[in-house]
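Here subunit A shows up in two complexes: once beside subunit B, once beside subunit C.
== the complex of A and B ==
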C-alpha cells in the first residue's frame, strides 16, 4: 500500500508553533488514540499517543521543552523520542510514532517505531 | 573525608517519600533504600477527593508507582509497618514489628493527619475526614446510604469534595466561616468567583462555624453558629486542614516548630536525619517559612533531600505550583499571590480560560490560571527567571507569552 511507505500527510510544519503541539484525530490516523504532533523548541517534530497515561488530558495541549512534553493537567513528563514517562503522577509510557518531514509537510506512520 | 552513606531509610510512603527514593536512584545512588509505611501500599492522594471518591478509579488506579518499579529501582518497601523510633546516634531505626534497621541517613516523610478540631461530637463516626485511602474508602462506603452531606471547610479539599459529591447527585451543604475562603492563595476576586460557583451550581453555602455535632437516630444534627435549629444530614466531611506528624522528630530530639524544622537541603537539626513533604518546615536565612502542603512541593523536597544525601548542590527552589479541580474547572496557582502589589487579568475574569497575574516591582510573583495551563507554565518560568514584564503585554491574549521567556 502506498500509504505505508509514504505515510499520511497530517499537517504542515507551520501548523505547529515551536514548543507546542496539535492533535491528529484517530479517524485520520486509524489508531486507538489520537496522535499528538509535538514540536520542540529546536523545531524537531515528534509524534506520541495524545492521551496522557495518567488521566484524560491531551498531550497536544502540553508544554514542549528540552526533549520532553509536560501534560497540561498535572505535568507528568514524557520523552518526545520514546514516549517514556519521566515524571509522576503518570507511571506508564505513551506510544511513540514515526514521522517524516518532507517539503514542509509532516507525514505520519502510525504505530511504526520512530 | 566522610564516607558516602550506604543505607537510607525513608519513614513514610507518600509522594514525598517515594520521590526521595526515586531521586536517589536517578542521582546514581547505589546503596540500600527502604521505604517504611504503615499503610497497605503507597497511593497518590489527589484523586481521593475526586475520581476515587466517585468510584471512577480504585486503589489499583492510583498507585504512586506500580510494584515492578520498586523491584527495578531496588527500593525495599515495608508496608503495614510503622517507624516507632529513630536514633540518629547509632543509626538505628526501630519498627512496629520489633525489627531494627540500620540507616546512615533517615528521611522523615511522615506527612500528617487530618485535623479534627475540638468541637463537641467531632469524634462521631458520621463525621469523616479525608487524608488517606482508608479515609476515602470509609467515606465512600458511608455515602452508599446517604443523601444529604455537610462539608465543613471550603478550602481546597473541602471544595473539591463538595463539588465531587454535588456532581454525583448528593444534596450538599458547604460550611465555612470565611467569605471567601482561599483569599490569600487566590487573590480576593478569583476567590470570590470560585466560591460563588458552588452556589451557582446548586450547593448550599453557609458562612458559619460549627458549634456541635450530635448523632440522632443514625443521622447527624449539626448546630451552626447563628442558626436557631440544627441542620440534619446523613454525614459530614471535615476539610479543615492537617496536623503535621512530627512525633518521631520530637522523640529523636530534633528541632520542631509546628513542623520538623529543616534547612534548604532538607536537613533537620541532626545532619543524619532529613525531613520532606507536609511534615517539614523550612528555615531560610533565619526565617521559618510556612509549611507547604502541596504535591509538587513534596516532590521537590524529595529531589533536594536526595541531592543532600549524595553531597551534590541542592536544586534551587522554584515558584510553588498547585492545582485544584472543581465543577469541571482546572485551577492552577503558581507563586505567592499574597506577595503581589498589583494584578493583571489575561482574558476575562470568570470566563475560562483566563489567568490573573500578580506583580510586584515589574516582576511576576504569582498567577492563578483557570483552564489555562500553558499560561501557568510560562508564569512559573517567568517568576523563576525573574524576567521583567510589562503589564499590557501580559494582559494581551494576542501576545504569545512564551516569547517573553526568550529574552
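== the complex of A and C ==
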C-alpha cells in the first residue's frame, strides 16, 4: 500500500462516544481487517485491528478504560497504544494503526505504526 | 451401530422418567368453601416442586418495570419461580427475557443484577450470546462435530412478555390467556396506583432484596386478603406514626372498607373513606384529589388509591399508598426472597419523589417499621410448621365466609375489609392449578 501523506478521513471525533468505539469497514481503510476507532475517557483516539485475536468479536463493541480496550465477548485486554495483548484468553497482539485528529476529524494511516 | 447413534445426543432424545415429577392431588389440603387449610402446603417439598411446575411455570409472573429498560442492552436479572431469567431490551427496543443458564454447562450467562451490555458471556467456558439470545461465540468451535449448529443452542426465550401499565410480566406458558384477561377486574384496582398520572410511573433507585424464613404463600396471601393483622401486628408502628400527644384513635382501629375477591386468585383490600389520603404530608399536598376523582372516579379515590394491599396471583404484591411493588421469590418451601421496587408518578417533582421514597423506606423498606412486623409473623409461622402435631392441625380462614357479593361500587366480587375471602380465593386458584396438568405435561 502506498504511503498516505494526509491519511484517510474516516470519522468525526463526535462520531465516537467517550469510552466506546466504532468500526471502520475494511473497504474504506483498505486493510486486511476492519479498524476499530477507540476513544478513551480523556478523549484520546486510537486505532486497532477490530477483530479480537481470540475469537470473532469486534473490539469496537468493547469497553475502553484505563488505557485498554476490553473485548466484549471474553474480556481479553489490549493496549490502546500498541495493540499488545494484556489479558487472557487472547494470547496474540492486534495491529495498531496511526491516526491524526485535525479539526475534529479523524485521519487514519493504515498499517503505519502509531 | 446406526448412524444416528454416532451423533451427539440432542435434547429431544433425552427422556425424563415421569417418576421424577410425581403429582399429588391437593383436593384434601384446601377447603376454600369451609375456610380450612392443611399446613402441609407450606412445608412439603414434593408439593413445593409441584408448585414450581404447575403454579409458577404456567402463570404470568412479574419481571420488572418498563422504566428499567431505556436503551438496547439494558438488562435486569430476576427469577420466575426458581428459574433465573435475564430481562433485556433488544436492538429493536423490544423487551425480551431469556433463561439465565448457559446451554453448555448451565452456569448463568449474566451474573450482574442490572446494567447495560452488548452480549451475555458465560464465565465458565466463554459461550457468548447476543441480545436476541443467539449463540454467537463458542471458543474451540472446531472441536465440535459437524452436526453442531449454533442456532440449536441459543438461550431459551420466555415465549410471552406483556406489559400492563408499565409492569412487565412474562410466562413460560406457550399458549397463555392474554395478561389483561388474566388480570380481569384486578386491572381496575391496579390502575388506582398505575394510572394516577397520564405520564405513568417510574422506578426510584434500585431494587431492595432480602431473605426471609417463610413460605412465599404466607406473604402473597397476606397482601391479597389480610387487613385483620394491622391493628395487632403493627400496633407499635401505628403508635410511632401517631402524634405524640394523642391517644390511639378509634377511627384508625375501626376502619371499614372492601376486599376484592378474584376468581383468578388475585386480591385487594382497602379502607373506604371520602378523606382517604397519602401518608407522607408533602405527597398528600402534591396530589390534586379533585383531578384524581375526575381521572379515576370517586370509588377508586375513596378506596384502593391510597391505604391498602394487593396481590396479583401468584407472587406479585403491591402497596398503592407508597408505591411499593414486591415479588415473593420462592426459595424452597421454607424460604423466600423479597424483592421490592419503589415507584412514583413520573410527573412528581424531585422533592416529592424523595418524600415518597423516604416514607416507603421508613414503613415498608427492608428495615421499615411495618415490614419488620410482617416478616416476623411469616418467619414465626414457618419456624414451627414442621412439628408433626403442629403440621397436622388445620388453619382457619373462615372470616367473612359467604360475604362475597357485588357491592355496586367496586368491580367484581367484594367482601369486607376484615375478611379472609380473597385468601380463600387465592388458595382455590392455587388448588385448581395444582390439580391441573400444565402445558409441559401435555407436550409429547
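What we mean here is this: the second predicted complex is superposed on the first by the 111 of 114 C-alpha atoms of A that agree within 3 Å, B and C clash if a C-alpha of one lies under 4 Å from a C-alpha of the other, contacts with A are read in each partner's own complex, and residues count from 1 in each chain.
Basically, contacts are C-beta pairs under 8 Å (C-beta built on N, C-alpha and C of every residue); 3 or more make two chains touch, one makes a residue touch a chain.
Everything numeric in this text was worked out from a predicted model, so none of it was measured.
In the three-chain model built by superposing on subunit A, subunit B clashes with subunit C. In the superposed model, B is the one of subunit B and subunit C that contacts more residues of subunit A. Shared-chain residue A:72: touches subunit B and subunit C both. Touch criterion not met for A:14: it reaches neither subunit B nor subunit C. Looking at the shared chain after the overlay, A:27 reaches neither subunit B nor subunit C. Of the two partner chains placed by the overlay, only subunit B lies in contact with A:88; subunit C stays clear of it.
Of the two partner chains, subunit B and subunit C are each touched by A:61. After the shared chain A is superposed, the part of subunit B among 73-81, 91-99, 307-315 or 343-351 that runs into subunit C is 343-351, by C-alpha clashes. Residues 55, 61, 72-75, 89 of subunit A lie at the contact with subunit B in one complex and at the contact with subunit C in the other. The touching residues of subunit C, counted against subunit A in their complex, run 117-119, 121, 126, 128, 136-137, 139.
Across the interface of their complex, subunit C is touched by residues 54-57, 61, 72-75, 89 of subunit A. Per the touch definition, subunit B reaches subunit A in the complex via residues 15, 18-19, 22, 44, 46, 51, 63-66, 69, 295-296, 299, 321, 323, 330, 373-374, 377, 400, 402.
Partner subunit B is touched in their complex by these residues of subunit A: 17, 19-20, 55, 61-63, 70, 72-75, 88-89, 91.
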